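Both complexes shown next keep chain A, but they swap its partner, so chain B is in the first and chain C is in the second.
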Partner chain A sequence: MDVGRHPKIELLTYSEIEEVNGYVGNFEVKIRKKARYVDPDLCNACGDCFDECPVSVPDEFQMGLSSRKAIYMQYPQAVPGAYVLDMESCLGNNPIACGACAEVCEQEAIDYDDQDEIVTRKVGTVIAAIGLDVYDPTEMDEYGYTRFENVITSMEFERLISSGGPTGGHFMRPSDQERPKRIGFIQCVGSRNPKIGRPYCSNICCMNTVKDTLLLSDHYPDTENLVFYQDIRAFGKSFEDLFQRSKQKGTKYIRGLPGDIEEDPETNNLHVTVENTTAGKIERYELDMVVLSVGVVPSEELQRISSLFTLSKTADGFFMESHPKLRPVDAPTRGVYLAGFCEAPKDIKDSVCQAGAAASKAGALLNSGEITVEAITSVIDPDLCKRCGICASVCPYSAIMWSKGEVAKVIEAACAGCGNCGAACPFDAITMRHFTDAQIKAQIRSILSENAEDKVFVFACNWCSYAGGDTAGVARFQYPTTNRLVRTMCSARVSEEMVLEAFRCGAPVVLVSGCHFTDCHYINANRQTVKRMQKLWDKLEKAGVRPERLQLEWISAAEGQRFVETMNRMEELRQTVTPEEIEHSMQALKSKPKKKKKKKEPAKAEASSSE
Partner chain B sequence: MSSEQSGEELRIGVFVCDCGSNIAGTVDTAELAEWSEDLPDVVFVGHNRYACSDPGQKEIREAIEEHNLNRVVVAACTPRQHEFTFRNCLSEAGLNRYLVEMANVREHCSWVHQREKEQATAKAKDLVASAVSRAHYLEPQEEPTMPVTRKVLVIGGGIAGIEASTDLADAGHEVVLVEKEPSIGGTMARLDKTYPTMDCSV
Partner chain C sequence: MAKKTIETFRCMMCGHEYQEPVEEGEDREWMCPKCRSNSIRHIKKKGDKKKS
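Take a look at the complex of A and B:
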């Protein structure tokens, strides 16, 4: 493989992303290089260490169907072509106990004291291609995967028929190492099954089974293959050809998914009961082996990577793209692109296509040399700044420089424009460009200028809640017409004053909505939203205003349904608010006339003249 | 300084988009357009079949010139889809690209209130009024430029990550490819043969 040898590619295997800072064009990434205990530059893959190693553990690469040593290579063609030491099963960390591998290694490549290393890389763009996990069918106990030896998964099938597999490609069943003659494939195990929370089609399993039946009929023409399915989805280029070839070669396709499997304890053969929906009959089959055509699930790494780069997930748990048709490889975070399975189930060809598209997008951005950033950053007015430092303390990016007694200063390059500082500044010294207090208040007053009592007033963050409303729209979900949204970049932009202003203008209900905690596009700015809301609830209560009239909701960009449910609930709540309550809150929350404060600071001629 | 503060005369143009029948099928766009004429400082109201299309963009550019508009409100789809389009339109017309505001009368209105046309139209009016009131305070902005580090991080050494890395590297870009397993290949490396070509996976 070229990747390991390409002069432009730095390959870091056995490594994980630990921490990400920065933004498009200028990410700084900390990567943990896990200790391999074998220097890949010295190791010549001679295999002497492997021969000497006394430890034997299940081989993950072979789906546990065979064993490996504590020092091992995943497969013979592995890149890099070097051994790795699994320290958890190794005895060598106590050299008195073992140390056999190091003794025989002529290259002296083995070092039991090797340590994890953290390296930092600066990059302009990122491609997330973190792949998939295979569905574990244990929970579908009706198929007896953990009870019957001869029920295997399609991944295990791959290893059993592979010449690089544990049997050298001699296909045999686990119970007696005999070659199975009647093999049944069960489709949609872990796919298109809302009961187990896997409603989506895994895309690849139909064609994978078609391929498996062809391999079997090529290698062993005397086997009888049966495929139990609900639909065969052979939609891709030349897929139908393969499907027809499989049928011509004798594979029987039976429409219907088996209800359960029983095992004959004598022969370990399997009895499958299925309702053949084409024939309209219950049928029973005795089979030598059953292959569960398992679906695919989002990688267990997905949540972690999602949090590190503030990406979003769809309801199925895969990464969400910026636009399902027009920006399918762009992640919602600028400068991050998606490739392969992590975006949605897809086969090799589609993964390669998407990877090419992601590479082209990433390359275009790199080629541009510089990027323009939205002009939504924070600006501090040094005349109004009272040097309190609150802004610096709430900034998730440490983009505000401040030290005691000093006027705070924004580092524009680091500011992402969430507006948290603007909402936090008690002295109105901060202007958020393009999302100013004046702009937002004008919207509040405009929306609530007439029939305010009929309206649910909503502050929605750009990335999640507002986008969740868009998702609801695209899906044509219907909900009450009473809500009115004002968009801010982050829910943390919403200041106490803005919420109070909405109540003063007669809003019966105010909703502040943002991203779920782990999805916040401004690291964790929305935690400040919560703090601000808690203060507001107290304030409302003290003023005799029902605190429930101020609501806080987290809605992700993918959660159109949740957006609708929230709007329904807000409308129900609105209907409970009486005209008297509204009138009371309008009065009780009136801003108190500013007292002395202004006079405290002398020599502010310019400031007062501009008012 | 916004016009509101600087005292510059505000000349706001409102453009109501039908989006074919996507908006006009629910919202009475003719009424919305007529109603918008009375909003403060609105000096021109246009009505486009597709505001994002070439003819729509041309109509906006021409109106900006003809009526000397200095703020633009587009009542159309979500800004998440076309704000960029309309910003470009303003740039082409010689206005600062931050002087446009969108009222989302499609995703947040016509598409989600399809059975309540009157109420949807009323909501659309509120959304346009809100956008116009915000437009009063819009200020020209200069977008900061940032240098780009000419290196890409690829996370995952399966077929997608390998392909993306080699494509980028072949194009001359520096690539850091991070794989959590001891070797690359991902799930594909475990497969024996792969469809539709029935050849080996590694």
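Take a look at the complex of A and C:
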């Protein structure tokens, strides 16, 4: 409500982001303001239209437990406090228009011809706070959610017990509208379950159930509450107190998740069978109602927003932050911050903290008016650029501007310096500052200038693999001394040419190593590493070089042990490589001089002079 | 629903060859089920390149 009234906040409700261009400090966002068919400035929320509307459809806010009209307000505290017309349900959308709402509206706020509007806003920073979706338990049929009326979700329970709910706060079960006396809560429905692809804890369900049991104990002291759980995770401030209070008030906590629920067709009561792992026996309970404590899932919108702002996702499908400890509210794309559930499941308190931090960071950036970037950005040589656009297509940050027939241009404020473009450019037109091709090749030649056959040549990414080596060193793990590391910011900086150069210089084994997929510090740049490796294995095989001599490993900064195991395996592999093989690869992979297209040169010269 | 195909992979570390269902647009790390190496070569069937 405060946000809606704030003079310096423009609140665009019922709107969707269509397109995003630009970069930190200069984002241009196209927003679709959906047609409301009711002018919010004229509507005084008198409700006359609602009373007259003849259409009745399930009310989404009440979880479908009651109905709403085609013209409606989503919930009483909605901002703006105005009605909206759901045109898909409205009879006015048919050839014979109903028009009942427009007839009674004294304010003349209803406009059936309203259209979606595209508006553009220029913003310096963006905070993604797109929230969550609730897990749909229909796929877990063992709990009978689709078969038994008295099996409901925790969200439905919330509406049933709320004074603003469909029953006006009179708690009743759906089958007979009687007040349930024995209620069972089943935890971890859609959470901590790898079988359905949701291995993560949803964070909020345990305490929500504890709260619900306390609510029931206070309002209806004669109800018998049972909670079936794997673990109760009450780790927040005062949460343990609440849990203990719930137990003191009589809620019975049974460690074990029910395997099956059956319904008595006459009474609609539910028979729950559970293995009580504390008592070590199978128990059966007859309950009036079962509440499935459903987990949370990433918002449906997440994928779309992720593509618009080039954000990356964790294995669980939530947004990935720049660094889990040091930059927990920064998205990998500069100028974008994350708040709330979209980053990971968290309760209200944590969401408020994160939102405050994101707002502070965004404010600090806007106030400073300038940003500092590390001097490791890419530079495109316009004379060498052949306008192919490959660099723009592989940049995970969309930091390269290119249009057909135009020389590509790096937006330095958006470039994070992964070097992927430099490795992908087939014309050597891109230089990555401080990690140039010439510098890296010089390191390769220098390392392999003496006793190359005794060395395992390793390209290690700055953030994970190289740090994994450090971890191994700090822990004083023992591993072969034959490896020689060249550090690049990302494994995607390693071009095909660099790997081939190492073989040409006599490397028996070349290892390219980087961050695990979910840890990639450059959104998803290391997927390009995989593509490059596939090409290289084909190329080596074609040249008669054993492709196994080129290896790929993902090693995180914490995986010192994995670094050691990898180095041991590389050393074993090195010992299988014969001097003849090394000699053959040095000859077979010799770079061929590039053919010059003499006819095209004058045209090129003209183009560069005109620039 | 994303299209699933059975793809062949070869571990460049231990030589283990195996098949796995792969979903279109899938984004996950490949790892040898035998030796846990990430050096996994995707063995494309003949004609795959033409189709793509």
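Structure notes:
Here is the rule we use: the second predicted complex is superposed on the first by the 367 of 611 C-alpha atoms of A that agree within 3 Å, B and C clash if a C-alpha of one lies under 4 Å from a C-alpha of the other, contacts with A are read in each partner's own complex, and residues count from 1 in each chain.
By our rule, contacts are C-beta pairs under 8 Å (C-beta built on N, C-alpha and C of every residue); 3 or more make two chains touch, one makes a residue touch a chain.
Remember, it's a predicted structure, so these values are computed and weren't measured experimentally.
Between chain B and chain C, B contacts the larger number of chain A residues. By the touch criterion stated above, A:V379 is placed in contact with neither chain B nor chain C.
In the superposition on chain A, contact of A:L91 is made with neither chain B nor chain C.
Look at A:I9: by the touch rule set out above, it reaches chain B but stays clear of chain C.
By the touch criterion defined above, A:W554 reaches chain C but does not reach chain B. By the touch criterion stated above, A:R569 is placed in contact with chain C alone, chain B being left untouched. In the superposition on chain A, contact of A:I523 is made with neither chain B nor chain C.
Touch criterion met: A:W537 reaches chain C, while chain B stays clear of it.
Comparing the two complexes, no residue of chain A contacts chain B in one case and chain C in the other.
Listed in rising order, the residues of chain B touching chain A in the complex are 2, 4, 78-81, 98, 104, 106-108, 111-116, 119-120, 122-123, 126-127, 129-134, 136-139, 141-196, 198, 202. Considering their complex, residues 1-4, 6-17, 24-27, 29, 31, 36, 61, 63, 73-75, 77-80, 84, 121-132, 134, 155, 158-159, 161-165, 207-208, 210-211, 214-215, 236-239, 241-242, 301, 305, 323, 339-342, 347-349, 351-352, 354-356, 358-360, 362-363, 365-366, 368-375, 377, 412-413, 433-434, 436, 438-440, 442-443, 445-447, 449, 455, 462, 466-467, 469-470, 472-474, 476-479, 481, 484-487, 564 of chain A touch chain B. Across the complex, chain C meets chain A through its residues 12-13, 15, 27-30, 37-42.
Those residues of chain A that touch chain C in the shared complex are 315, 516-518, 524, 527, 530, 533-534, 537, 547-548, 550-554, 569, 573.
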